[in-house]
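For reference, chains read A, B, C, D, E, F and G in written order, and residue numbers begin at 1 within each chain.
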Amino acid sequence: MPAAVQQSKAAYDIIRERFGEAVSECDANPTMPFFEVADTSKWADIALFMRDDSRLKFNYMACLSGVDYMEQGQLGIVCNLESIGGPTHKIAVKVKCARDGGSIPSVSCVWHTANWHEREAYDMYGMTFEGHPDHRRILCPEDWTGFPLRKDYQVQETYHGIKVPY
Amino acid sequence: MGLLDARISNRNVLVTSVDNVMNWARLSSLWPMGFGLACCAIEMMATNASNYDLERFGIFPRSSPRQSDLMIVAGTVTMKMAEKVVTLYEQMPEPRYVLSMGSCSNCGGPYWNHGYHVLKGVDRVIPVDVYVPGCPPRPEALIGGLLKIQELVRMEGIGVSRQEALKKLAEKSVDPQQVIGQARKATA
Amino acid sequence: MNQLTISIIFYVFAAVTVLSAAFVVFSKNVIYSAFALLFTFFGVAALYVFLSADFIAVTQVVVYVGGILVLLLFGVMFTNTIMQTELKADVLHVVPGTILLLLMIAGMLYTFYTTGDWMPGQAQLQGSVVQRVGFETMSRFMLPFEMASIVLLVALLGAAFLARYDKAHKNEH
Amino acid sequence: MEMFTAIGLNHFLTISAILFSLGMFAVMTRKNAIVILMGVELILNAANINFLTFSKYNGGMTGVMFSLFVIVLAAAEAAVALAIVINIFKTFKTVDVSRVDTMKE
Amino acid sequence: MQELGKADLNSTRIIPQGDNRVVIEKDLDTEYMVLSMGPQHPSTHGVLRLECITDGEVVVEAEPYLGYLHRCFEKYCEKVDYPGIVPYTDRMDYLAGINNEMAFCITVEKLLDIEIPRRVEFIRVITAELNRIASHLVAIGTYGIDLGAFTPFLFCFRDREHILNLLEWISGARMLYNYVWIGGLSYDVPADFKKRVDEFVTYFKPKVVELYQLLTTNEIFVKRTKGIGIMPADVAINYGWSGPMLRGSGVDWDLRRNDPYSVYPELDFKVALPDPKFCEIGDSLARHLVRAIEIDESLKIIEQCLDKMPEVDGFDPRAAIPKKIRPKAGEVYGRAENPRGELGFYIQSDGKSTKPLRCKARSSCFVNLSAMKDLSKGQLIPDLVAIIGSIDIVLGEVDR
Amino acid sequence: MSHASSLNSWSDALSGFNLGWFPLGLVIVAAIPLVFIALYALTYGVYGERKISAFMQDRLGPMEVGPWGLLQTLADILKLLQKEDIVPNAADKFLFVIGPLVMFVGSFLAFVVLPFGPAFIGADLNVGLFYAVGIVALEVVGILASGWGSNNKWALYGAVRSVAQIVSYEIPASIALLCGAMMAGTLSMQQFCVAQSGPLGLLHWYLFSNPIAWLPFIIYFISSLAETNRAPFDIPEAESELVAGFFTEYTGMKFAMFFLAEYGSMFMVSGIISIVFLGGWASPLPNIGSLALNDMTSGPAWGAFWIIMKGFFFIFVQMWLRWTLPRLRVDQLMYLCWKVLTPFAFIAFVLTAVWEIYK
Amino acid sequence: MSEYFSNIKTGASTIATGMAITLKHFFNAVKRKGDAGIDDADYFKQVDGLCTLQYPREAVPTPAIGRYRLHMDAEDCIGCSQCERACPVECITIETIKVTADDLAACGKTSGGQQKRFWLPVFDIDVAKCMTCGICVSVCPTDCLVHTPVADFSEFDVSNMLYHFGNLTKIEADAKRRKLEEEKAAKEKAAAEAAARGEAPARPAPKPKPAPGPQPDGGKAGE
């Protein structure tokens, strides 16, 4: 197991110790070690703990990507976290919710960068983020129909009278 | 019909020469609107910059649509942007020209098939006079496109609509395949 | 220049002055009034030139056009919602006002034209007054000149204080 | 004809009378404080024309000097008056003098 | 716990009141004015729209609206196979094509777990640093335009043209290269390349000095940028800033050093940090200075790479490219230091298809721009322009 | 002030020429400098600006329209004439139309008092300098009218900024010019030139003959840049902030008027500064012994040549500055005016007075 | 107070420096950079002076590998459709008709000597969509699809940018198609007969002998 993955595992152990069953087992693969939040409602607490715990100090959210798990009927987000100026560990966190009407707690108050990323995830996939201060579409126009990056997305025929497909 | 009538109806000498001067003025001072959208905007800036220097032709960008004659649609026009493009086009005073620069604004370019949010060609919302291909077009290509617009202006005049001018130009145009063949021979 | 030319020019400027002044007074749009005032001031400056007071004429342009008019325009713009071109102001008591206006003009004109005593004296003012203004300011009118400067200073301070009323007010509390 | 071509004292006095009356009209009838201010400026200008006219036709410098001071005072007056108008606007949210009827808000 | 989070939010939202910041007081009872800057506005660097609520010249609040250049990059990633995505990455941050390609390729290579020839790595680094210089030249030049200096912009573009010519010579295209391929390069460099790059470095060094004298040290420029838009380090990290923006706030963080890739560990360069002598840490000038220093560092890196680059006879840069790129199932987050910060790619592969299941591009500009709302509060309109310019956004990357 | 006539003999003679009752001569007197300057401003000012900026930026500038692009400006004007004249619906029609006119007139009115040679002046007013400074006020009103009339936020911002700027900078400018007036003891533009011409050429110029004159000279030059809205004080039309400032909404010929007015006032301030501090039409060459260079290069034609050359020089410096410097911010602009230029202008005023008394 | 004066001093000195630089450039304007290409040894020879190239009159040579306008040489195309599959933009449309046995000679060989097995009734490249990524060129086995360094080819009508490189006219294509159908039908019939006779069915057809068939002017027809 490479050193980086071991560090991630160690960080995971701290979180596991604190939250127990709320987080799933760590997937310590070499390319992107991650764990999943089993209890979605705990995600904001976990996030805050991860940021503020002196051993973890995940103060930098590198990326937050929405994902469509069509087979499982779920939507999710993947957050890549690390620490700047603190320990050198990195870890990814997955949070999932139901595909229709699912919601995930917003962490935009923990990491400001999550604000726009969550808006983007909403724009592309349509999950809602509870407690998001500014829950709007960000890239597509406000009156756009559908969530473009869902696997079953069908593009609309016209937008404001302009033909959309080629 | 007398000789005189024929002369007048066939746009007499005076009108033609006035036309020529007016067209010369318009084609010599095409002020484009600095309208950068995407990658092509950078090439447009490079064309304006020292190495290619559009000001040689009297083309110098204005930031207000009211003072520009030419709109260079440089880059991808998205659905969100399309309406703004139309607004800006409508703000320009006549006579106005549109040059579509780059694949994206010609027909959606690389984003034509899956780009749900990309307008598949700016000619769907505003009339385009010249299409410059390339992704992005080289500055040379943009200059070539602007020269084409100048040709178009030269063909216009009092009582000559843009369609007629285009028709005249089409008669004069060279077959692209021939040009490619020549270029190919030259490089071979 | 012959007499006729001079009088034509005089009448042109007189007309500009009077008409634009009327426009100032009767226009319902405050901003139009302000811009019409520009022409009034200019016409008056031109009349000053006819009165051999070239220095006063230029002072009129500098102070009235460059200063007061701009102040007035700013005042109009500040006291109206920005970007709102409807700047209507009602005219009150039009009928009595107009009657009074006409009466006043008539009365004054009557007085002017019937009083012959102030008809031209022997020594008319000729040429430019620049140099004489300079001499007079530094000799006979020294005291008023200094007082004017004090008045200006006080007005400056007062205006600044009044316009910054909020701040002064805030500091009290 | 002579009366119209030879520009004399009365011509200027006429203009000054008209200007003065117009200014008075504005001061008396208009509600907008700024227009009233404009009326005051018109009155001052009318007075100035008179000063200069008499100065010209009597050959003295007093009228010229006086008009200079009038302009100076007009500038001071305009500055202060506008400051007051703006304060009125801040307090009453209007520059309509007929609605400014209390000493203190 | 949630409550604590809220409280904490307030404590991190400290935006210091620099002395340039105008305390908003209402002198006259004027109404707030809503100004819509953009999407077609000279200073928004493309098609950003800022809705500013202003009180006279003071910006009370500026809300950025994005998406005017949303070109569905992530949709394309799911529709096009891996080699086909590379040209689309070019079009994200179109000022730094090679850097984007490199970020994407190293991510996929991480997933594929393949070895890259050393010469390829050196060529990649040289071209990437050249492109970084070109990109910073545009950033500095357009910043000059924002502040009213037109000539530095043209000087920057004049020198950038040389870089473009160099890159066109090796890749065939001027701006969007498609040069770095997964597992290799599209072409080997021409024989004279080393010499020409060396000549370029000697040509360029005095030009950089001239540029600094003309723009960076100019008193008006300094006055316009110093102390404007100050971002403290902890807030910057919390906002996820990266690259020159983060370094401008005084954080010593450079992915080339902290999460090394390619041959960067072998190279000697220093992480550009602003000098508190010339600027206030975290202000617009600091960010500009970081970019200026990075140009020098990139030149150093290029010189070292030219020395160290192995010469291989009959070198085939496409030799290591897999015939069919079909990574094993798994996920990866790979990233590289772009001129504008961390460009990351999150790729999910199902192991069966030649197309990614999901590919998210974490673009640096998108993240950097998100702080705009906080940065602009209480600034003057000209300062707003200075702040946007110092963020140096490329809308292609913001909207993707 | 021995000759207190308001017009010099040349223009007096011409203005006496009447066509019937119509004062044709007067019109000609008023129009000659105007036409001359308008032509100048049209062709060479704009063309020169483009070429100079191009050379400073390592490029060629206009090349294709006429030989070396010499006809570029002509083409621009002809094109602007043909353009559709849009008056936006939301605009205040009256103010929108009158704005550029007032500004144009205001910018060209001052040319009446600029002497283009010993015998070539529209009106040698005794208050020439005062008039030239004061008439700029008209421009202010034009700008305000167009900015307000456009009913566009950018235009209004530009107009308000511009007015604030011009009104403020008039103070140091006038005080600096007062220093010049004190040295010459006159306000007549013609007398300025007369006082500075002499056999020693440029040594008679105040800039070189007076040890303090450089201070008001620099102050006036900086303030004149601000008064004509030139870089680095071009914040009213700051392209990157306000799109195009107060003329954002203008098309065609109205826009051309703004353009002309800008170049007209550029020449005007250059003319004023060269008359007040650099001798106007006085030749710079001295008489060296029997080689009477000064006498050879004086006279009506030479006078026109010298003043235009001096004007060109200052326009060149203005362009040079414009293409070198970034733009100031609004508050910095005001700082410069009130806290730097105005105090220094007062210092210069006092020093000049002292020098004039004790020299 | 000293800060006040030092500010004025630095302001003046930096402005003077900047002005010196621009003035230097102004006087350097007599020199001009030549039109040397990047592969020219004296590309960096001229450091100062004007760098403008007057494009329609003078041009910098584009490098030989420059990727601008796509060109296809129908003589060399073997109709493998790899470019069509590789193109991320899908701007290439290819339709092929298998060459019947007796037409092989008429179809000809590539310049590399490879036998062509497909007619190309349609080989359309929509240059308007092309993003010049060069992937199609890299997969082409016969190097018949190339990017030419020609960049300047703007059009008044966007439909002119759809380039047809196919080497058959519509009528010819129909004829070939019919011929192929016939041959296929004949082959199927033969196979059916063979199957009926109980022979092994899936034997490849024997190499056809070169037969002097009807001579189509296929190489030049495409436009």
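By our rule, a residue touches a chain if its C-beta (ideal position, glycine included) is under 8 Å from a C-beta of that chain, and two chains touch if they have at least 3 such contacts.
Since the model is a prediction, treat every value here as computed from it, not as a measurement.
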Outermost chain relative to chain F, judged by CA means, is A
If you count the C-beta pairs in contact for each pair of chains, which pair comes out on top? C-D
Most remote chain w.r.t. Chain C, using mean C-alpha positions, is G
Between chain B and chain F, the Cα-mean centres are separated in Å by 38
So how far apart, in whole Å, are chain C and chain F when each is placed at the average of its C-alpha atoms? 27
Calculate how many whole Å lie between the centre of chain D and the centre of chain F, each centre taken as the average of the chain's C-alpha atoms. 33
Can you compute the centre-to-centre distance for chain D and chain G, using the mean CA position of each chain? Integer Å is fine. 81
Using the touch rule from the top of the page, what residues of chain E touch 2 or more other chains? 28, 33, 41-42, 67, 70, 72, 75-76, 87-88, 91, 151, 154-155, 158, 161, 176, 214-215, 218, 220
Enumerate the residues of chain B that touch no fewer than two other chains. 49-51, 53, 56, 63, 80, 107-108, 110, 112-113, 116-117, 135, 138
Which chain G residues reach two or more other chains? 15, 18, 21-22, 50-52, 54, 62, 88, 131-132
Chain A partner, complex, touching residues on chain B are 79-80, 82-83, 107-108, 112-113, 116-117, 119-120, 124-125
For chain E, which residues count as touching chain G in their complex? 76, 80-81, 83-88, 91, 151, 158, 161-162, 165-166, 168-169, 171-173, 176, 178, 186-187, 190, 192, 196, 199-200, 202-203, 210, 213-215, 217-220
Applying the document's contact rule, which stretches of chain G touch chain F when the two form their complex? 8, 15, 18-19, 21-23, 25-26, 28-29, 49-52, 54
Using the touch rule from the top, collect the residues of chain E that touch chain B in their complex. 39-42, 46-47, 67-72, 75-76, 79, 87-88, 91, 94-95, 138, 153-155, 157-158, 160-161, 164, 174-176, 395-396
Of all residues in chain B, which touch chain E in the complex? 34-39, 41-43, 45-46, 49-51, 63, 65, 75-76, 78, 80-81, 84, 88, 104, 110-111, 113-118, 135-136, 138
